[in-house]
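My questions will all concern the structure given below.
Per-chain numbering from 1; labels A, B, C and D assigned in written order.
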Amino acid sequence: MVDLSVNFCGMQMDNPVVPASGTFGFGKEFKDFYDINILGSFSFKGTTKDARFGNPTPRIAECKNGMINAVGLQNPGVESVIKNELPELKKFFHKKVIANVSGFSVEDYAYTCALLDKEEQVGILEVNVSCPNVHGGGMSFSTDPACAAEVTRAVKAVTTKPVIIKLSPNVTDIVVIAKACEEAGADGICLINTLLGMRIDTKRRTPVIANKMGGFSGDAVFPVAVRMVYQVSKACNIPVMGCGGVSSAADVIEMMMAGATAVQVGAANLVNPFACKEIIEALPAECERLGIERISDIIGVVD
Amino acid sequence: MSIQGIYTIKSNCALTADVFKMVLEGDTSAITASGQFINIQLEGRFLRRPISVCDYDETTITIIYKVVGEGTEQMSALKAGERLDCLVGLGNGYDISKSEKPLVIGGGVGIPPLYNLTKRLIANGQKPIVILGFNTKSEIFYFDEFKALGCEIRVTTVDGSFGTKGFVTDAMDSDYDYFYTCGPMPMFRAIESVAKTSGQFSFEERMGCGFGACMGCSCKTKDGYKRICKDGPVLVREEIVW
Amino acid sequence: MVDLSVNFCGMQMDNPVVPASGTFGFGKEFKDFYDINILGSFSFKGTTKDARFGNPTPRIAECKNGMINAVGLQNPGVESVIKNELPELKKFFHKKVIANVSGFSVEDYAYTCALLDKEEQVGILEVNVSCPNVHGGGMSFSTDPACAAEVTRAVKAVTTKPVIIKLSPNVTDIVVIAKACEEAGADGICLINTLLGMRIDTKRRTPVIANKMGGFSGDAVFPVAVRMVYQVSKACNIPVMGCGGVSSAADVIEMMMAGATAVQVGAANLVNPFACKEIIEALPAECERLGIERISDIIGVVD
Amino acid sequence: MSIQGIYTIKSNCALTADVFKMVLEGDTSAITASGQFINIQLEGRFLRRPISVCDYDETTITIIYKVVGEGTEQMSALKAGERLDCLVGLGNGYDISKSEKPLVIGGGVGIPPLYNLTKRLIANGQKPIVILGFNTKSEIFYFDEFKALGCEIRVTTVDGSFGTKGFVTDAMDSDYDYFYTCGPMPMFRAIESVAKTSGQFSFEERMGCGFGACMGCSCKTKDGYKRICKDGPVLVREEIVW
């Protein structure tokens, strides 16, 4: 029997498979397809201080082996998440959930995290810093080590739960950003968020997406994600949650060998609602094929 | 509750130059209303393709689709016996409890879901009048099938090559107590500007998932945001923000 | 009849299709498959001051919809290129070629470009700044606007031929780098070079590539390339040579609508040696389908 | 000069638990020497798979391949009648002008190209002795086929379950004036350390193109760098840098 369990930032998980934020809603849509308690955990939809409608539609474009989304953080706001979504979730999900938090100022992040800190269902706060900083000329918090560190410190100050910072891959040097977060007290790093991409509707001669550009993810981005997981896990001493283009048990193992302690699955859930279930079911055989007895043994095994 | 399943193609043939009809065999238990759709996985395409259920029975689903891009092109080349992974029973569908003598108004490839709807309205004792709008005679499909349902059918063509010359709105001057429609946005706007009653519109949007998870297909309504794939595709006239 | 001709930096081309550097050698290997004079032009293998063997093997890893290479600029050195490759090329290619130049110091670039400047077969100098700067702690010239500008100036000073700078996509803000090159006198911009990626051989628990990481390209990177071509062509006033993930006539048109004046095809040539020929042959029908009479009309047509 | 073509699978069957033989039909005019290879495009895989030509005639190519990963797994499931896009006639192949009484030494899936080589040597009046190395009896393939060529065949197995127990080098004690080999690197190193004559080794490397364009497969030799795919895969003992 292969042991699939991992411990991520003190959170004991039955397996390393975690649906990624924005691709799993608050779990509701998936519980009709399968019992989502089989998951390691899941990261819920990016939550902000205030409710947001997000960007105009079309928000989705197809790519070869991937997709672009420009949802723009549509969510009901943290108060509603706590009042409506979490109690609803409790009915069918009995594990700790990962709370994905977004914001447009350092205060936003701190406000939202302080509220979620009180929720016993929340196991980890996952802070998505790939958002434009309205006080920083719209530049994303994730592109500047000082900004990312500032968010990290502000969040750490308001919670006792583990805080992981979710980084954008659209940067020159991912290691510098990750290290700045580590030094600012982050308990872990999650990466990657989406690559900035664009598709054009050549019949209409317009961008496919109303917002013009959007976040590119899915199978296609896997090699970039593996590379960044590798770089960051070698450079930092805090655990890494790998994410980006994962759609099979083999991908999960590759990402873990690169340095990930747990692995998120994003776009694959949208195309195949059973993606995570199938991955979890396939993991034991895949581990056996590769001579892996405890999956935690392979974390960062590649030099 | 929607399901995922493998469906076998029973037939796939052209109705016009670029509109095809495909019959799929498999579990149809998840379909509960006219106007729902299925989401079809195609070999080598990342996202699924959403297509309305035109008709269904215990074991088959009929869809009608127009070739507009690479995915539908690929679908048109599929052969009987091939198998497709589909999510079935998606969306809310039309609520038919609201009318006695409704107009059913379809334009182009918005027409397919109205076939099962009309059938159901008639079975339910309602008296629909069906208005089908096309560009030109050669693009007409499913006229005989609608005819066979036994209700009044009016066809409009933009060039006047068949039926009333003009738009569907040129055939709306009757007594009706409600309407159900599916078709392109310009048609919706025209209907909105002339319709005298309440009614239901079925919308399209680019989709990431088709089952409510990604927020890719949201639209603003007077009752807050709705997901076209899950809370729609059918919206009631009164809630729509134009 | 669709008019496929474009004018890139003063170089009149029969069509916008250009095999990308490193995927077409010096043309020899392809002339056995088809008459390469049908091409708009082609960009020859990255040439450096001195001969280079490149990186240890394995240098190639497969990805879903793409590949990683870590060839490491293997080439015979500029003197040998001028003495052996160009005369050989002249026998079967009767158009101007694009000379792709790499270097590890500003002097390297200037030296190599000064020599190639004298070659009448060379139509354009394409300066690949995605190389580590040995005097800059190994940081790539392409990640710092000042470095990229310095290379641009040094090269412009030694040639009268058009100079285009080929940029790396592995940066936070591609527009800043492109503008710095424009201000330094670049006549055009070529992008994108490869994304930094990694794959792991899970059986051996080692990176697939001896060099660990490498350049990821092929179909998968297309949405990132389209986005950067769009951003740079909107921000700059010099023409853009689009590159990255192009494998069909439809891709060429999409890239041009995004803002490219000509389009390079890289990895696709390796998988299908006839890729560029097939694209050129498919372009007229694809243009007709989209109502394009002159392909140059669509350059940057998307707002 | 290599060519690209569409080849039809005539047969595809297992020789051992994980070694398969496939016969392809199509234009073989580009094959000029034993030891050349073909590069096969597989549906859904980005790069082609290089596989040595085991044998060929005017209209068919025989290849023998081991299932080691996703691509070869996929190949093993292909059926007669299916078609494959292949680049054919790649690489230099063995130069057989150098010997009268050579050893032909193969290990595992390095053996296939040696079949056509042995045939050609015999046809040319040379007197090869063939040494085939396997791990164990159940992994042996093509023994009868080599036998049928009419030359001396020696088999070694690591566990002694068939033929000589040990490695190919344990069967090399004869008179020979040259050798030709293909197989894994440890075998090459062993041969290099005991061989008494000149000879040719056929190498493997991960390839981007297979026809000399990408420099993905380069190796250093005493005569400068060479591309395994174009200037190789066969290198002469004297030029190899170990």
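Please note the rule applied: a contact is a pair of C-beta atoms (placed from the backbone, for glycine too) under 8 Å apart; a residue touches a chain by one contact, two chains touch by 3 or more.
Predicted, not measured: the structure shown is a model, and the values here were computed from it.
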Components of the interchain contact network lacking subunit A: B | C, D
item: Number of steps on the shortest touching-chain route linking subunit B and subunit D; value: 3
item: Separation of subunit A from subunit D, taking each centre as the mean of its C-alpha atoms, in whole Å; value: 47
item: Chain centre separation in whole Å, for subunit C relative to subunit A (CA means); value: 34
item: Approximate Å spacing (C-alpha centroids) for the pair subunit A, subunit B; value: 36
item: Sequence positions of subunit C contacting 2 or more other chains; value: 61, 63-66, 219
item: Topology of the chain contact graph, where touching chains are joined (line, ring, star, complete, other); value: line
item: Full enumeration of touching chain pairs; value: A-B, A-C, C-D
item: Subunit D partner contacts - residues on subunit C that touch it in the complex; value: 22-25, 28-30, 32-33, 45, 53-54, 57-67, 69, 71, 74, 208, 218-219, 267, 269-274
item: Residue ranges of subunit A touching subunit C (in the complex, touch as defined); value: 61, 63-66, 68, 143, 170-173, 195-200, 202-203, 205-207, 212-213, 216, 219-224, 226-227, 230, 245, 250, 253-254, 257-258, 290, 298, 301-303
item: Interface residues, subunit B side, partner subunit A - complex; value: 1-2, 4, 41, 45-48, 87, 205-209, 211-220, 225, 230
